[in-house]
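Below are two complexes that have chain A in common, paired first with chain B and then with chain C.
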Partner chain A sequence: MSSQSRAQSGSDIQDRRVTDGRISARWFPLFMLLPALIFILVIMLFPLIYSLYVSFTPYELLKPNSLNFELSRALRNYQKLFADAIFWKSVGNTIVFLFLSINLSYVIALGLSQLLARVTRGQGIMRTLLMVPMMFAPILVGFQFRWFFNANVGLVNNLLYSLGLMQERGQIAWLVDEPLGMFSIIVASIWMNLPVLTIILLAGTLSLPQETFEAADVDGANSWQQFRFITFPLLAPFSYIALTILSLDISRAFDIVRIMTDGGPAHRTELIWTYVTRLAIENTKFGLGSAMSWVTVVLAVAFTLYFFRQLVRSRVVQ
Partner chain B sequence: MKPGETIQRRRRNQRFLNLLAWLILLLMALPAFWIVLTAFRPNSEINSWPPVWVPQELTLDAFATMFGLNPEERMRVPVESYMRNSLLAAGISTVVAVSIGTLAGYAFARFRFRFQTAAFLGIMLSRAIPGVALSLPLFILFNQMRLVNNIFGLAAVYIAMNIPFSTWLMDGFFRQIPQDLSEAAYIDGCGYWSAFWRVELPLALPGFATAAIFAFLAAWNEFQIVSVLSRSAASRTFPPGLFDFTEQFTFDWRGMAAMSAIMMVPAIIFVILVQRNLVSGMTFGATKG
Partner chain C sequence: MHHKARLLIFIIVLMLGTGLVAQDMDEPQYAGLDMDLSGINIRMANIGGGTYEAMYESIPIFEEATGATVEIVALLDGFAIDQKLKVDFATGAADYDVAWDHTSFMAQYTDFLLPLNDYFSEEELVAFSPAILDAATVDGNLYLIPRHADISPIHYRLDLYESEEIAAEYLAATGEELTVPTTLEQIDRQARFFVENGHSTFGYTLAGRDEALNGRFYELVFASGGAMFDENWEPVFNSEIGVAVAELLHGWYRDSIIPADTTSLVWDGVAQYFCNGDTAIKLEWYGWYAWFQDPANCPAISNNFGLARGFTGLSIGGDNVRPTGWAGAHAFSVPATAPNAEAGIQLIKFLSSERVSYEEAQLGYLPVRNDVWDRIIADAEMAENPLDKERLVLAKLQIAEDFKTPPLIAEWIPFSNLLYPKLQAIMLGDVGAQEALDQAAVETRELMADAGYYG
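The block that comes next holds the complex of A and B.
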């Protein structure tokens, strides 16, 4: 949030309320923040730092004595990881997945929000329908699409067959073939992302000042020009807020992939999040898994920071 | 071109737009409908080839099997246990996290202090930490403290995970309340705490409800942490419980659909309740700094 306006509103209060018998202006906010800070420090920050420590050790669950730090071997996990072809494959897959999933989700949501803003009938029901995917836990999204894309009993193949586009049962192995597996998980993630993105962009579109569009109409701008030069730039803060919310949850893709393909077959849909689980939980190599975890943390924080910065900047421009 | 024609064309365009919107949204909502419908269909129809599109009969078999009322089917999923654990973890973490988030949100919305921006950003970024990354060290630490397989240990993690978003939402809701009210309270002799407790908090209660709904659903739907921290059915919640219906090569699609339908109940209730507050809750940050 911009510190300018915060500073303004804060000092107003503090000027008027110089002293308080019970608790001073200086300590009250800290007192209010304390429980939140304690929980986050104890349950998130401390374990995270601990996992950084573990990542410098060769710790394996079944060898309790392996949790000891030796300076000479500290970076061994990272060396192993960076020499691991599957690790790089999972990184590549994750980049492809995030790039396509986020961009396509955003473009579709943008189009849908423009469409919904122009709809004249049944807006209420439409909004409810739009929220249907929000009722699904990510794990349910994964289950649902695993079933839809199932080769033998899935909705997609059944539909293709009934429409006469497919001859035999199980002809297209959506979750197995390359690149169909990646395609399927991207479709699932877009379906999951759409409601929040569309709702925010729709709210943004409806809040834009009507006079600007009337002026543009008078100047003879067509609807594409109005969208391109008025709506789209003015929506920037809403776009970035939607993308910031989305980036907080990018690891939800793990839930989807875990149930749809579990990274397989042959690591074709392996993402960094599924690979962490494979290394750490299934192979009980906690040291190596912790090193990998830190890759996911850095990625998530970088994403969130990037969109958050853009959000702050887009507000300053306005 | 006559003016009448233009109006007619506009009307035709509008009708086309409405139709297109309906089509897309129905397509988006269809999967949910299909899942619920499948929960009530017999297995023979679900797995039949060629596909049966129109249900010939509806049955409660899947739910009977799940709750152990079906003597013929031996597969038994401990749904009651999952439901109890899900309700406990989500309920406890919601009440605690939203209360804590309300305090923090108030501090951010109404006061200026050192490291404010840094603290705010730090809290928000902690929300971005992937569950998979957090679950591993938590497992190691909880293992030493005998908190693995403990539903209260899980609830504590969910509290921490829900604090950031609750703080963010409450910060926004408090900013929408005019400052004159708290200032009037100060003039009337209220301290900071009583101005918060007696004047501003009651006005922010709709926001509190919205934050609670988000927190409840986040915990209810969480999978990454619980799948590592709970090693037995006794402490498992619904999301990892879904895997009870899978074996190496067979999936009990109907059973999963039935459990999905049960899992969606709170979300359906909440989405209906929250609809109006949802948009204002999420977009305030775009316009107000």
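The block that comes next holds the complex of A and C.
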């Protein structure tokens, strides 16, 4: 069979239409995906759309009759939200938290990955140890760090007291004072983030072509120059993937914040996630909480789009 | 003479014997064991942590007698159970038969609770304190069966109040005798004195978050003659009295009279400071008593603390000042959607029975049953530590005269969630008392208006 006739035959197969009740090849993949699509629709899309609907109603958890859509009051939750100083404070706190937590996690993970890549013996053990924080549920991380930073019986204050760096026990209220409260939850968040980031960056580092480094050696580049001009740029796709995963996953920090400070005191560590919970669950204003969730979704999507754009750009550069 | 002595011995033996028989007959009895519940699994959402878990040791007796099994589906602190109940009621997921509840929370979800009037006879209810049953009743419907009374006496460290040197020092510094405080102004002066003169790390301790802080503020305001709402449900906590109380709290925080992490503390944190001997005075419920007295737990204050009636508020309240007494009761409720409501009610009858209440009272909890009060006061007559009896007499007095629940309205918790961060901000010095309370009053009015309070 000539190549032309083979191509013709393939095209015939592709263009075959349903004539005898069977599904065409074109639709077959979609058909196979259908269960998953239905599952996603039911599990994810329906709640999303429903919560959007709820956000336009005055729905209160314990008042089923309040789930009423009235056009004249539809935007009231959003109006209330945008006029709420605590909402804007929680947005500001969340930006600070995300910026510091993600960037500091990245810098530390980058350093750790470079050190680990140079370890010649016991790398397996070190990688295993590095994974330990991943084995803790965020809520346990929250309890653990709440105890570390407890002013009265906490590890940090008792350590400082034992070392003579603090005159009286309980002098430093880590979870209360500004900006120590935010610092404390960022430390806990970084501790939880590090394993994933480090492993991705370590994998990226180990996959870099050695020839480039050998050539740089020949040219007399020192270690810092090799890192600055070779490793760091070549790791860009890995960095963006790691940062994108982290930025999507960072809302897991909710559990940590909830346990450590619960957004307080006086909203000092209030993040959008804790404030949503406060509005929707504690105050039972589910409509208002849903409106805030949607604002959060918009912010998260914008954040993700930004990272993906950077990821694509970094690949084009390469 | 010899004959008379024999007769006397015979009479004594007879009296002791009949006494023992009478005592046997008078043993506190369990209730709720008179129904065959074989094969029924009773699900229960319970309070946990602190010293609560010891209270569930009686459940196997119920299981053995009735044939039911009891499954504890949640073991959370009080605030977490409140949130669980709200979410479960709203989503129809309250598939348990008994829930721990509190008189302060219950008004939020009366539509989702089973009224218990028809399940408890008058004879069964007559044993409970009427004031506490009132606090468990909304619009004539009894939604809760009380379990423990919740009211706070002053706790103070004896070593500070029994020291002659400290008393002399206090007299020299202030011109007044060092006595157990009876007014908020005295609390302020003494707490500051103890801290400033190095006698105690902190002068006072209080819970500083959630409804706990709101309740303490409410208590100090009403003790000072003020109120949170007027008769038309208009917020009035931003009055002169409310501002003075809030400024007092700020002053305590600013001057380290209370711990630096006060705004992180709830009940267990407050108790821990007292247990460590780090605080001179506090207002706290009776439930920690056995824990505080156990030298294995709290060597610094075991047999080293006293209890006193709540203090009156700030004197700016004039004739309207009264003793503190923010109160309520831990209780049990039955969700309207409970799959085995009747079995759950039997379990509540058991857990609130004279015998179980008596056993729990021995752990330090305040009973809500009059029959148990009589027993534990009689027991305490023979106790080595006179405080064992004094505390009960004091508690009974407080329940009779000072017991004041927060308003039993559904908006109490949302209102608390609105106000307590403002109180925290005042304490921490982020904002002035008048400004923060005025802002809170505006927001409270909006909350109440949304709930339909102003027509």
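Note that the second predicted complex is superposed on the first by the 290 of 318 C-alpha atoms of A that agree within 3 Å, B and C clash if a C-alpha of one lies under 4 Å from a C-alpha of the other, contacts with A are read in each partner's own complex, and residues count from 1 in each chain.
The rule is short, and it goes like this: a contact is a pair of C-beta atoms (placed from the backbone, for glycine too) under 8 Å apart; a residue touches a chain by one contact, two chains touch by 3 or more.
None of the values given here were measured: they were computed from a predicted structure.
**Student:** Is A:T284 in contact with chain B, with chain C, with both, or with neither (first, second, both, neither)?
**Tutor:** second
**Student:** Which one hits more chain A residues, chain B or chain C?
**Tutor:** B
**Student:** Look at A:A25 in the shared chain and tell me whether it touches chain B only, chain C only, both, or neither; answer first, second, both or neither.
**Tutor:** Touch status of A:A25: first partner only.
**Student:** Which of the two partners, first being chain B and second being chain C, lies in contact with A:G264: first, second, both, or neither?
**Tutor:** Touch status of A:G264: second partner only.
**Student:** Check the residue A:T212 against both partner chains and state whether it touches chain B (first), chain C (second), both, or neither.
**Tutor:** Touch partners of A:T212: none, neither chain B nor chain C.
**Student:** With both complexes superposed on chain A, which partner does A:Q79 reach: first (chain B), second (chain C), both or neither?
**Tutor:** After superposition on chain A, A:Q79 lies in contact with neither partner.
**Student:** Now for A:V153: first (chain B), second (chain C), both, or neither, which partner does it touch?
**Tutor:** A:V153: touches chain B and chain C.
**Student:** First (chain B), second (chain C), both or neither: which does A:N103 touch?
**Tutor:** neither
**Student:** Return first, second, both or neither, reflecting whether A:R169 touches chain B, chain C, both chains, or no partner chain.
**Tutor:** Both partners, chain B and chain C.
**Student:** Where on chain A do chain B and chain C both make contact?
**Tutor:** Dual-contact residues (chain A): 150, 152-153, 169, 281, 286.
**Student:** List the residues on chain B that touch chain A in their complex, please.
**Tutor:** Residues of chain B touching chain A: 14, 17-18, 20-22, 24-26, 28-29, 31-32, 34-35, 46-47, 49-51, 53, 100-101, 103-104, 106-113, 116-117, 119-134, 136-138, 140-141, 156-157, 159-161, 163-164, 167, 171, 179, 182-183, 186-187, 191-193, 196, 220-221, 223-224, 228, 238-239, 242-243, 251, 253, 256-257, 260, 263-264, 267-268, 271-272, 275, 278-280, 282-283, 285-289.
**Student:** Could you please specify the touching residues of chain A with respect to chain B in the complex?
**Tutor:** So the residues of chain A in touch with chain B come to 1-7, 9-14, 16-17, 20-23, 25-26, 28-30, 32-33, 35-37, 39-40, 42-45, 47-48, 50-51, 54, 112, 115-116, 118-122, 126-140, 143-144, 146-148, 150, 152-153, 155, 158, 161-162, 169, 191, 194, 196, 199-200, 202-204, 207, 237-238, 240-241, 245, 247-248, 250-251, 254-255, 258-259, 273, 276-277, 280-281, 286, 289-290, 293-294, 296-297, 300-301, 303-305, 308, 311, 315.
**Student:** Within the complex, which stretch of chain C touches chain A?
**Tutor:** 83, 86-87, 89-90, 108-109, 111-112, 201, 208-209, 259-264, 269, 272-273, 276, 278, 410, 413-414, 417-418, 421-422, 424-425, 427-428, 430, 450
**Student:** Can you list the residues on chain A that touch chain C in the complex?
**Tutor:** 58, 61-62, 64, 86, 150-153, 168-173, 175-177, 261-262, 264-268, 278, 281-286
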